[in-house]
Amino acid sequence: MNQPITQTDIQKAILEQQNAENRKKMIVNAVLLILLLAAPFAMYPVFLMKILCFALFAVAFNLLFGFTGLLSFGHAAFLATGGYTTGYLLTNYSGLTTEMGIIAGTAVATLLGLGFALLSIRRQGIYFAMVTLALSQLVFFFFVQSEFTGGEDGMHGIPRGQLFGFINLEDNLNMYYFVLAVFIACYLLVQRIVNSPYGQVLKAIKQNEPRAVSLGYNVDRYKTLAFVISAALAGLAGSMKSVVFQLASLNDAHWHMSGEVILMTLVGGMGTLLGPVVGATFVVNVEYQLSQGPLRDWVDPILGGIFIITVLAFRSGIVGEIQKFMKKNLG
Amino acid sequence: MSEQYVLETRNLVKEFKGFVAVDDVNLNIRKGDIHALIGPNGAGKTTVFNLLTKFLIPTRGKILYKGEDITSLKSAAIARKGVVRSFQISAVFPHMTALENIRVALQTFEGNSFSFWQAGARLNKLNERAMELLDAVGLTSFANTTTVELAYGRKRALELATTLAMEPEILLLDEPTQGMGSEDVDRVVELVRSAAKGRTVLMVEHNLSVVSKLCDRITVLAQGAVLTEGDYETVSADPRVREVYMGSDGSGERGATETNPASAEAAQ
Amino acid sequence: MSMIFGVPFAVLSGQLLIGIINGAFYALLSLGLAVIFGLLKIINFAHGAMYMLGAMVTVIMFDALGVNYWVALFLAPLTVGVFGVVIEYFLLRRIAGQDHIYSLLLTFGVALLIQGVLTNIYGVSGLRYSMPDMFKGGMNLGFMFLPYYRAWVIVVALLVCFGTWFMIEKTKLGSYLRAGTEDSQLMQGFGINVPLLVSLTYGFGVMLAAFAGVLAAPIYSVTPVMGSNLLIVVFAVVVIGGMGSIGGAILTGIAMGVIEGLTKTYYPEAASAVIFLVMVVVLMFRPSGLFGKEA
Amino acid sequence: MSHGPDKEYEQLRVSGLHAFYGESHILHGIDMVVNRGELVTLLGRNGAGRTTTLKAIMNMVGRRTGSIMINGEETMSCAPHHIARLGVGYCPEHRGIFSSLNVQENLTLPPVVRSGGMSLEEIYTMFPNLYERRFSQGTKLSGGEQQMLAMARILRTGANMLLLDEITEGLAPVIVEKLGEVLTALKKKGLTIVLVEQNFHFAKPLADRHYVVEHGQIVEEIRADELEAKQSLLNDYLGV
Amino acid sequence: EITDNTVKIGYLADMSGTYRDLAGPNGLKALEMAIADFGGKVKGAKIEVVSADDRNSPDVASSTVRKWVENDNVDMVSGLVASSVTIAATKILEESNKLGLVNGSAASSITNEHCTPNHIHYVYDTYALSIGTPTAIVQEGGKSWFILTADYAFGHAMEADVTRVVESNGGEIVGSIRHPFPTDDFSSYILQAQASGADVIALANAGADTTNAITTAGEFGVTQAGQTIAGLVVFLSDVHALGTEVAQGLQLTTGWYWDMNDETREWSDRFMEETGARPTMVHAGIYSSAMQYFKAVEATGSDDSQTVRKWMMENPVNDMFAKNGIVREDGRMVHDMYLAQVKSPEDSTGEWDLYDIVRTIPADEAFRPLSESKCKLVNK
C-alpha cells in the first residue's frame, strides 16, 4: 500500500487550505485598512475614534468570550480603570507623554484583570459571569467613592498632549492615526493569539474542558492568561478613549457598559475576528444616528428591537451570518 | 515489589454523603498487562477511574504510580505523568478537525502552549506524527473532517488516537465498546490490542467476550469492594462472581458472535 | 439607651425590620427569577420590567377604570402573566435549547422595548398611586413606627413565597416542571403537554414579579425605569442563593435585605455594593451558591 | 384475563414512514405491523435508523410522513403527549434520567396512562439497587443503575405497548438476565413490545419476530421459527 | 459677521431618563417657541436647531457637543441639565469658544470653580435654593436639621450650601446621611432621620430621589410626629407626580412659577397648548435665555460667543421669566427667587394649581456674592 504518500498528500492539501485561508484574510484586511486610512476624510474623526475604541474593547472581550468561552459580565471595570488611570496621570503629571500615560493605564487594568481572574477563574458558566459582575460592581463602587475620579461628574479636561513628546495630538487627524495604529496592532495581535499554539489550547478548552484537562492541560492557567490579555486590551481601549475624549466617566464603569460590549459582540458575531469590530461599529452608529434624528426618544426601544431580531433571526451575528452564507453559496 | 506494578491503590475509599461507593480497594496493576475492572452496576468502577484521574478526590487511601505517591496531584499533572483516560461518553473537540484534535494532544509536549505570540504554523511540524496516529486508527481520510460530522464509532477511534498521542504509560478505558454494534466492537478490540503494545491498560467493560479476548487480569468489584482477582478462567469460575455478576449461564456475552472464551484465550 | 457599635438598639431593630421588609421584596423577585431560570434555563433580564409592569398596570387600571388595590392585586399579575405567556410563545420558544446568553439578550431586548415605550408614554417622574385607606397609618412598636402596609407586605410576600416553594418542591406538578426543563421531549413522550407547561411557568414567574410590583406601587414611585436598577441586585440574590434553588432564593432574599439594612446603618454609601461583596465571598467558598446543587 | 391475548388484534401498523432530521432524510419508508401481545425486535447496524423509528412513532423527530396507526387510530398529527396517552411507553436510548429529581421521583414521574401497571413495591423487589438508592439524585446513579431506572419507570404507567431502546446497554449480565425474565412476564400479561437491541443473544429467546433495518428501510422480516434457516442471512446484514 | 449665515443652536438635555420631565422634550418645545416668536430668523440669518439626548452621561455630552461645534458649526448650546453633563459640555465650549446657556443644572460650582467665559447659568443653583427654604424654616423655629444627601457632587454641594445657611441662621445640623444615587427605597434613611429627633429633615437630592423620599416620609408618619420635610430641589413636575395630598405644605424654592402673573400665565397657556403640561422653571428659562440670546445676536449682528455674552451682560433680562435679571461676569444670571408652599388638596383648584408663593427672595440675596466667588473670571 502507498499509505505514506496518501498521508503527505493530505498534509499538503491541508497546508494548501491554510494558505488559501490566509490569503483570503489578507485581502479582507487590506481592504479594511485602506478604508480606515481614508475614513477621516469622509467622516468626523472623533466619531471614528469612538468606534475604534469600542471596537478594540469588543475585540478584547471577544478574545475571552468568543474564543475561550468565558462570559465576563464585568469588562467595564477594565475599560474604566484604564481610562481613569491614564486620565489621572496625564492630568496631574505634566511631565508624562501621552503614550506613557496610556501604557500606565493599560498596566493597571492588566493587574486588575489578574486580580479578577484569580478570584473568578474557577467558577463555571453563569457563576463566572456573576462573579465578574460582582467584582466590577465593587470597582464601580470604588470609583464612585474616590475623589480623584470626580464621582458622578466625571474626570474632565484630560490633556491629549504630545505623542512621544513631539506629535501634537490636539490635532484630530494625528490623534486618529495614532488610535488607528494602536487598534490595528491590537487586532493583529488578537488574530495572532487566536491562531497561535496557545490559541489552539483555548479552542480546545472552549469545546471540551474535561478532555483538555485529561490531556494534561492546566486549564485554569490558560484561562487566566486569556483573561489577563483581554483585560489589558480592554484597559488599553479605555485609556485611548479617555485621551480621545479628554474625559473619563462612570459611564465606562457601569454594568450597562459590560452589557453593551456583549451586545456588540453578539450582534457582530462572536467567535469571529471581525465580528466585534462590525458589531461595535453598528451599535455605536445606531445609537448615534438615532439620537440625532426624530427617533431620538426611541433609542432604547429600537435597540431592544434590534437585539430581539438578532437573537431570533441572525443568531451568529452579522459577520457570522455572512460567513455562513458564503460557505453555503460559494463553497 | 513496587517496580513490577505501575499503578497501585492502597485502601482507597470514596464516600458520597455517607454512602460508600468505593470501599477499601487495593488494586495492583502489573506493567504491560491489559487489566479489566468488572462488576455489577453501581459497584464503583467508574468511581475508581474518577479517583485514579482525580476527577474525584479520594476520601481516604493512597494512589501510587511507579511507586510514587500521586494521591495529591491534580488531573492535568497526572495526565502529564502518563496516566491518561478515555471517557464513557465520547470526548472529542467537536469543532476541530480530526487532525487538530490530535495536535492538541501532541502539543502538550511542545512546551509552547502558552506562546500566544507565536504563529499557528509552528504546529504544522506536528502534522506528520498526527497523521501517523490517525492512520493507526484508520482515520487517514478523515483528517480534515470536522469532528462533529464523524460517526460515533469513528469518534471513539479518534478519541483513542488522541489518547495514544499522549504516549501514555498507562491507559484507562471506560467501557470502550459501549453502544457499538458487533462490527465496531471487533474493530475496537483490535485497536486496544495494538495500542496496548508496550503499555499498560486498565479498562472497565461489561462485554465479557471483549474481556475474555483481551485481558490478562481481571479485578471484580462488588459494592465498592474487591470481590476477587485473577485471570478470566479463575474469575469466571468463581461462584460468587457468577452470582453477583455473570448470571446463571456464565457467558454474559453480547453481540451475535458466539465466541468461546477458551478459544479466545488460546488465540493469544 | 443601649448602643450597639455606636447605634442605638432601637434604631438597629428598626433597621432589621426594614431589612426584612425589603428582603421580602427581594425574595419575591428572586423567587420568580429562580423559577424561570431553574425550570426553563432562561436568564430573564426582563424580570425588572415585569415588576415595573405590575406596578404600572396597577396604576393605569386605577386611573382608567378605577380598579381598586385588592382587585389589582389579582388582576395586574394576571395581565402581566398573560403578557409573559405571549412573550414565551412568540419569542422565547424559538430559542429553546440555545445557549443561556441568547435568552439573556432576548429578554434584555424585551425589557428595553417595554421600558422605552412606557417612558415615551408616561415619562419618568413617577405616577401617583395612593395607599389603600385600610393601610393608612401604622403601629408604634416602641422602637419604630411600623406602617400597616409594610407589615402587610411581609406577611403576604412570605405566604406567596412559601406557597410557590411548596408547589415546586413538593407537588407532582412541581416535579413535572423540574423534569420538563431537563428533557422536554422525553416528558412529552410520557404524556405531558410540556410546551403548555413552559408557557405557564414563564407566565407564573413573571406573575411573581408583577405581584411584587403591585405591592410596591403604593410605597415606591412608579416609573417605567423602576425595575432596571433592581434587576442586577435581584440577580445577585439568586446567584448567592444558588441558581435554580427555589428555597435558596427565598432565604437569601430575606438575608440580603437584612444585610443591606445593616449596611445602611453603619456605612450607607456602601449599601448598593454590599450585596456584591457578599456574592464574591460566598462564591469563593461555595462555587454554586449557598443552596445550589454542585454544577 | 382468563384467556390469552388476542393475537390477531393489530396494535401498531407503520406504513411508508419517512423521517427527517433537518436536511437529512433518515427513514425511507418503514413498513411494519405489530400485533397485541407480540414482542418484535428491530435489528441492524449502528446508524441504521432503529432509534429513529421508535422516535418517529413517538413523534419526536423533526419531520415525518407516512402513516402510523396505534390501536387503529391514525397518529401522524398527534402531539407526543397524546401518543403516550394512547398507552405507549417509551424507554429512550440515552436513558433520560432527570437530575433534578431523586430516584423515587424519577420512578413515579411518568403519569399513569392506563390501569394495570406495576406497583412501586413490585418494582423495588425487581431492582433492589433502586430501592437502596431511592433518595439519591437520579443522575448520581451508576450508568447501569440509571438504565434500570429508565426501564422501571415505564412499567409503572400501565402502558400496554412498550418501545424499548437498547435496554441492556451497560448492564451487568445478571441484570440482563433478570430483564429477560421481566420481558417474558410482561409478554405473558399481554403487553406489546418493540425492542431495539444490539445484544442479539438477549433478544433471541424473547422475540416472536425480528425486523432487520438497513439504511432506514426494513430489509428483512424473520420469524422466530425461521431463525435457524436464516442465520447466515442475518449475519450478513449485521456485519458479523 | 454671522457665521455661514445661520445661527445654529444645539439643545442637549436628558430626553429619556430621570430628568426627562423637568427639561426633556418639552424643553425643546420651549426653545422652538422662542425661535418662532422671534420669527425664525435673526438679522436675515436662519435659526436652526439640532438636539440630542445626553442620557445624563458626561460621556455622551462631551462627544455630542464636540461634534456639534467641530463638525456642525453649532454656535450655542442650550438645555444642559445634569451638572456632570454641563461641566463636560462647557469644557468643550470653552476650548472651541462657543456659548452655552445652562438652564437645568443645579450645582453652584458651575459659576464658581467650574466657571468659563463661555457659558451663562440661567435659572437657579444650589446656593440660591439653600437661601430660600432653609432660611425660612429656621426662622419659623426649625432649629435642628438632618440632611439626606444624594451621594454625588450635586448632593454634596447642596449639603454644604444648606449647612452654611442653617448654621448662619442659628440652626444646627444634627446628622446627615449620604444615600446612593439613585435610590428607590428610602425607608431605612427615613427611619434614621426619625430616630435623630431633628426638627427638619432636608432632602439634598432631586428628581425621583426626592419624590421617593417624600412618599416614604409620608408613609412613616414623619410629619404627624412633628418633623418637617424640606425639599431643596423640587420641580413642578415632581409635585405634580406626588400629588397635593402627599406634598401639601411642602416648602420649596423656585426660580419661577407659571401662575405668578398674567405674563407668565399667557406664556404657560401657549406652552400647555404645545405640550399638554405646565412648564417648569427650567422650561421657562430655556425660552427666556434663548430670546435674550437672539436679541443679543440681532443687536450685535454677530454670533461670536464673546460678543454675544458681552451684550447679554450689559442688557438686563426683562421678560415673563425675570425682571431686571443681570448676567454677572462669572456667568451667573441673578434674578429674584421665590419661596413657595405646596397647596393642600382643598385649596388646589386644578391639576396644576400647586403652589402658593410665600415670599420673594430678592436677586442680590439669592445668589452667591461675587466677593465669595472662586471663579477665575472675577477679579477681586
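Residue numbering begins at 1 within each chain, and the chains themselves are lettered A, B, C, D and E in the order written.
Simple rule for what comes next: contacts are C-beta pairs under 8 Å (C-beta built on N, C-alpha and C of every residue); 3 or more make two chains touch, one makes a residue touch a chain.
By chain, UniProt protein names: A = Branched-chain amino acid transport system permease protein; B = Branched-chain amino acid transport system ATP-binding protein; D = Amino acid/amide ABC transporter ATP-binding protein 2, HAAT family.
Small disclaimer: the values here were computed from a predicted structure and weren't measured.
Common neighbours of chain C and chain D, by the contact definition above: there are none.
Among the pairs A-E and A-B, the greater number of C-beta contacts is found at A-B. Note: centroid distance chain D to chain E, computed from Cα atoms, is 77 Å.
Each chain gets a centre from the mean of its Cα atoms; for chain A and chain B, those two points are 42 Å apart.
Averaging Cα coordinates per chain places chain B and chain D 31 Å apart. Counting only residues that touch two or more partner chains, chain E has 16, 151. Annotation, chain-chain contacts: A-B, A-C, A-E, B-D, C-D, C-E (touch as defined at the top). Put simply, chain A touches chain E in their complex at residues 44, 46-47, 50, 144, 150-154, 156-157, 172, 245-247, 249, 251-252, 291-292, 296-297, 299-300.
Of all residues in chain C, those touching chain A in their complex are 43, 91, 94-95, 98, 100-102, 105-106, 108-117, 119-120, 232, 235-236, 239, 243, 269-270, 272-273, 276-277, 279-280, 283-284, 287-289, 295. Contacts from chain B toward chain D in the complex involve residues 16, 19, 39-46, 88, 151-153, 175, 178-184, 206, 208, 243-249, 251-258.
Those residues of chain B that touch chain A in the complex are listed here as 53, 55, 74-77, 79-80, 84-85, 87, 91-96, 99-100, 103-105, 107-108, 110, 112-124, 127-128, 131-132, 135, 140-141, 143-144, 162, 166.
Interface residues of chain E, counted against chain C in their complex, comprise 16-18, 20-22, 24, 151, 177-180, 182, 184-185, 187-189, 191-192, 194-195, 207-208, 211-212, 215-216, 219-221, 225, 237-238, 240-243, 245-246.
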